[in-house]
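Notes for the one structure printed next.
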Amino acid sequence: MCVGVPAKVVKKNEYSAIVDVMGSQTTVGIIFVPDVNIGDYVIVHAGQAMSIVDETYAKQSVEEWRKLVDARNSEAIK
Amino acid sequence: MCVGVPAKVVKKNEYSAIVDVMGSQTTVGIIFVPDVNIGDYVIVHAGQAMSIVDETYAKQSVEEWRKLVDARNSEAIK
Amino acid sequence: MLEILKQSSNPEICKPLVEAVIEKAKEFQQKFGRRPAFMEVCGSHTMSLARTGVKQCLKDEVNLISGPGCPVCVTDQRSIDAMIALAEGENRIICTFGDMMRVPGSNKTLLDSKIAGKDIRVLYSPVEAIKIAEENPDKEVIFLGVGFETTIPILTLMVGEAEKRSIGNFSIWMTTKLVEPVLRYLLDAGEVNLDGFLLPGHVSIVLGENSYKYLVDEYHISGVITGFETAELLFGIYKSIELALTGQAAIINNHPSIVTKTGNQVIHQWMDKYLTECDEAWRGIGVIPNSGLDLKPEYSQFNAKKRFTVEVGEPRKTKCRCGEVIRGLISPNECSLFGKACHPMNPVGPCMVSAEGSCAAYYQYMRESF
Amino acid sequence: MLEILKQSSNPEICKPLVEAVIEKAKEFQQKFGRRPAFMEVCGSHTMSLARTGVKQCLKDEVNLISGPGCPVCVTDQRSIDAMIALAEGENRIICTFGDMMRVPGSNKTLLDSKIAGKDIRVLYSPVEAIKIAEENPDKEVIFLGVGFETTIPILTLMVGEAEKRSIGNFSIWMTTKLVEPVLRYLLDAGEVNLDGFLLPGHVSIVLGENSYKYLVDEYHISGVITGFETAELLFGIYKSIELALTGQAAIINNHPSIVTKTGNQVIHQWMDKYLTECDEAWRGIGVIPNSGLDLKPEYSQFNAKKRFTVEVGEPRKTKCRCGEVIRGLISPNECSLFGKACHPMNPVGPCMVSAEGSCAAYYQYMRESF
Amino acid sequence: MEKFISLAHGDGGELSHRLIRDVFINAFGDGNEAMFDAASVIISNSKIAVTTDSFVIKPIFFPGGSIGKLAVAGTVNDLAVSGAKPVYLTCGFIIEEGFPVADLRQIVLDMANEARKTGVVIVAGDTKVVERGSADGVYINTTGIGVYQPNMGCSLEFEEGDAIIVSGTIGDHGIAVLTARGELGITVPINSDCASLNTMLDEVLQHSKGVRIMRDPTRGGLATTLVEIAEDFNITMKINEIDVPVKGEVHGVCDLLGFDPLYLANEGKAIIVVAENERNKVIDILREFPEGENAVVIGTIIGKEKGQLLLETPLGSKRILNRLSGTMFPRIC
Amino acid sequence: MEKFISLAHGDGGELSHRLIRDVFINAFGDGNEAMFDAASVIISNSKIAVTTDSFVIKPIFFPGGSIGKLAVAGTVNDLAVSGAKPVYLTCGFIIEEGFPVADLRQIVLDMANEARKTGVVIVAGDTKVVERGSADGVYINTTGIGVYQPNMGCSLEFEEGDAIIVSGTIGDHGIAVLTARGELGITVPINSDCASLNTMLDEVLQHSKGVRIMRDPTRGGLATTLVEIAEDFNITMKINEIDVPVKGEVHGVCDLLGFDPLYLANEGKAIIVVAENERNKVIDILREFPEGENAVVIGTIIGKEKGQLLLETPLGSKRILNRLSGTMFPRIC
């Protein structure tokens, strides 16, 4: 049910933005994320930015994974 | 100013006829020669029969040529 | 930030996560004497779980059941046939997502019609259809509006754009589906035993975390909103088992970087403006009341179903069990046609051809003949 | 009958005829101290005389001058430019005889437009255009109506057919020409000294033998109606010299098998019904009053000149001497461009490209570089 | 197997694989070479002849042949007239989306049959599919490899008096194909002459050392091919209009449309320039084959100073023949 | 010379003659062979390699090359991966009416340049013109002849443990061409990898007797080409997803469109299967060439019972890879 791709906004117009996905660029609509800023990552689905990626939460998720992984590793060392 | 081709009528419809030119057949309009009969030769121009070839006159022309040619030949023999 | 995003597919994280999930699953098995069972609602989850190998790695420990989340697969056969019949009309340009092209209709596919000369175009970005309509004023341009909550907002954008530019030759053939009614149907039917749902990451962008409260309140079942990368999938499953072990029902937002509590409010405004609830027929299920969205009557000029009539006969009967696959009752390899009469080159049901179809996922990523 | 018709190209008849003509021509030379001079009015005569070798065989004995009888060649440059401009319009299908395709306009040719993507179709049978119009109701189908009296009746047939079938998207761009006005112009101008005309065999089908009376009555000049096969051509020339030797003016019907005294009356009826005389501009001559035929006002709906406006600038000036070639004032090789800047691959004037053009006939059949 | 070709048949994936396996390999051979990017073949002489042609004929099936038969015969003939023995062929298909697979099968079968008949082996192939409207049905390229045979061939030493032979009536292919399109509304009871001439021409070379050159007058017709020989070898050739064999039906269509048979395409005819004293021998050999039963001398080499082709009319006058200049359009009237 | 191609450029008459003389012969060589129906060439070995391919690429000019460069490199590569030294090429053009002559000149120039660079000689050609709407600009068929070199080549003797090498990043060509069409609205700063590999692969064969097979993963991509090897020789191959070199930009476009880089076309890459003990030597040789600087081992042969290609995911699970099944359509959502 719809994979989206995270893309970095490099240029912002009124209703659209140019985004970069690992060096390739394309134009996406930003009507659904009017507050997006250059430098933000957005989730793109069918040519539209649907959501802005929240960096704090993203970091937090990675930390959670790492915590679990580290816990296991240290257990393994024990 | 428009070469025509003599073609033999092999089938006649109301406004058109099938004609034969040395074994190749095509359809031509006969609106301009409503009295044409099967077996007649017609002069075809741009898809239309323009005139029916009069056999008597055609023969007569050939005879005229032959007469001239024969006259010359007999002169040459003399 | 890119560095952070990349971590979700970092094997150094993902491999230990697999072990962590397996360990947690074993704990569950010890406690309950069976594998924990979760339904991934979303077709893209099915694909990602298979493609990344998560399903294979966990197959002995966790029962991951595909749900009704592939928009093409859940579309009723009569509706598929109608879209193919629609494309047969003269002077039309049919625009569609690529998945629809090879979906088997009762007699043919859209691809067959394209090969036979019909103007059927696969769009990467649906709003392209508006441009096509403008460039072809003497043709009717019809977009096949198949999708769940992530795609539906984009259909409203198209209508908004067509309205703004006064485009008279554009319309959408609406056959949309909603997640909540079908989950309620499955839970009401009680055919599958589940320890929780893996809730769709991107649909949840629109819906928001709070929208799933009914699962807990009315059905006492858990849901974990989950992303699509390897680590996200694994951690979503980990959290699901953890919850199941407690015996408590709860909704966990395991994808908070893009999913908020209340969803994208801008999108809600667009949907409210243009759409109204309608009954929809689901493959293998039948009509579920208020399980789809249609254009409001004041936008009928953009509603292809109002503008065009198509005749379809009784759908052809096959042994395809997509209906049961969608409901999570069987896994694809339990269908007698799977891999034999039915394979990606000759799909019998939509599940074998959609990029999110369960049968396609199994065939491509999970056959074990090696 | 076929056997009779075949005799006209029988070498056993034709070769002695050449000698007979030469002998007769010598007789004329002895009497008048110069070669007899005849104008073949018809472009097809020019071609046939060249292709069969008659011109070459007689070149030292008889002065055969090409006349104004190639319909493409006599068309005014502005008119050529207008037809090419017409083809530039959107949503049009231009139908034409093949000869027009490569006629040089001031800037381009119809072929250039076709190569650039314009829908320009060469028809073998003009009435095809009616079918094309029926099959393309959303396009304007325009036939380029270029021709003399043999072709003009066929244009009336097309209008009749379009009328009968109520076809609204068909019209003819009329630029037709008549034989009598241009012969009168040439005789009035007195630029060429002639001992008689070889009159066109097929135009005469329409006009009939009697129609040429004015030549004798008003200009005291002879005319021999002549066919297109080798023997017919030779005998026509023979008869012409014979007449010239007597010093009397007369019209001889040397093609009686197809040309009658009064012409084809059915054709006259068709022409009277649809057509009315009009002024026409001739290349190298200018406007000759009443020298063409246009559709009567009541058929304006089929008259492309009434339905479409085209803008053409001042025609490009070249050193092409087609105007003089047409009037019989020079022979093609007297043009400084002949065979150098101007040749069939790069025609500067229409005479080099039309299948009846004098320059084309000379280039193809009469160059003597061997 | 599908009924119609789709773009996926050309994407190199499973459908391409099946198309090649079921349609091509099936007809052309054991398919061992399909495992490699190139076919590996053995030849018997270090001097080889190579030729290539694409076939874009319309209609693809016509009286007397098909694009498949033509694609083999055309390239076989180019090798044969060069004096080489045709041994290997490659074929490259460009197919329009929506093309009927049944037609493709028939075309491939025609190729296989003609190859078998002529003794050439089709060793490599390629298939591309383009979108509807980006081709007209199917186009085929064939490339041929022939080997020269020791002490056999064309001398290219021309002499005044050399005879110009054509192996049969001209224009049959052009007229058969043109009328088969149906657009002209003309029906003609003749077939294209489409045929492989290698056996017949091999026989000529086996028995005559006097052959100067051989050519097949395809596109551009008899006149254009002779002009090319005349120019390339700086010889003056003369042909007699009255001796050029043309079927009545072909004459008839030419009269109706304003075409000149000298410029019509042939696909089963050879022009042979041969020493005067061998002309009868060569004519006799040609007439032993059905493809050569109407072989005749149509002219001679009359000079070695000027690269030029002359036509003598029945009246005895001469004129220069050039290459076809611009597609033949039907005359205005 | 005209600015645009017309049907008359393909009718075999004067315009065809000039086109060939001014555009083709001018670029490809002295034109002696244009006097004959076939070119006559000398080869040094009785075992030759023959291959054919038609090129129908859109757009005809793309970042990193053109249809002309591609038509030469593509066929040169098919010969080179077969272990043969490319020596002769033929080319057959099918041109759409209205095609700009300037573009044709550029294409022909690109062919001539690439031929010169690779040392092949273009010995025969053909030009056909089809009506507007019956082609998409220009299509080119090239057919190549290569000679096998004594005591050099691929053994086709596979062993468990053999290394699977790819000579660089995959999918560059597919993505560069797809985005160059402009329809997707995606801009990618990468070039097609279009390049002739004969020099590099010759060097490999000169120095390694352990090469089992070489292939160029063009249409159908890496996965399809490996599946074909696996099936044709009944070997089980395993590649590691994480080792397959893919440029970030290519990944990005694939993510946006739902494509799989394993199935994207390459035009300047080789797959080399080589004995385990020679893998480093071969990698070292490849990396000496710009075309091979990113060469890596991506997998191994793991069995000889079953013709099958496996992909190992980063998690360590395996799955079967098949040929591409149906053109890649962008996913629905």
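Think of it as A, B, C, D, E and F in the order they're written, each chain with its own count starting at 1.
Keep this in mind: contacts are C-beta pairs under 8 Å (C-beta built on N, C-alpha and C of every residue); 3 or more make two chains touch, one makes a residue touch a chain.
What you see is a predicted model, and the numbers here were worked out from it, not measured in a lab.
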| item | value |
| --- | --- |
| Labels of chains that are neighbours to chain B and to chain C | E |
| Between chain E and chain F, centroid-to-centroid distance (C-alpha), Å | 31 |
| Chain centre separation in whole Å, for chain C relative to chain A (CA means) | 21 |
| Whole-Å gap separating chain C and chain D, where each centre is the average of the chain's CA atoms | 73 |
| Distance between chain centroids, defined by C-alpha means - chain D, chain E (Å) | 38 |
| In chain A, residues with contacts to at least two other chains | 1-3, 45-46 |
| Multi-partner residues of chain D (at least 2 other chains) | 44, 71, 97, 124-125, 147-148, 150-151, 345, 356 |
| Sequence positions of chain F contacting 2 or more other chains | 6, 14-15, 184-185, 256, 258, 322, 325-326, 331-333 |
| Pairs of chains, among all present, that meet the touch criterion | A-C, A-F, B-D, B-E, C-E, C-F, D-E, D-F, E-F |
| Touching residues on chain E, where the partner in the complex is chain B | 175, 179, 184-190, 247-253, 255-256, 258, 331-333 |
| Chain E partner contacts - residues on chain B that touch it in the complex | 1-3, 5, 7, 20-27, 44-46 |
| Sites on chain C touched by chain A in the complex | 1-2, 4-5, 7-8, 12-13, 16-17, 19-20, 23, 41-45, 47-48, 69-71, 97, 124-128, 147-148, 150-151, 153-154, 157, 179, 200-203, 205-206, 228, 231-232, 235, 238, 254-259, 264, 266-267, 270, 356 |
| Chain E-facing residues of chain C, complex | 111-112, 114-117, 345 |
| Chain F - residues contacting chain E, complex | 6-8, 10-17, 35-44, 46-56, 77-79, 81-82, 84, 88, 90-94, 123-126, 128, 130-131, 133-136, 139, 141, 143-146, 148, 215-216, 218-221, 224, 228, 232-233, 263, 265, 322-328 |
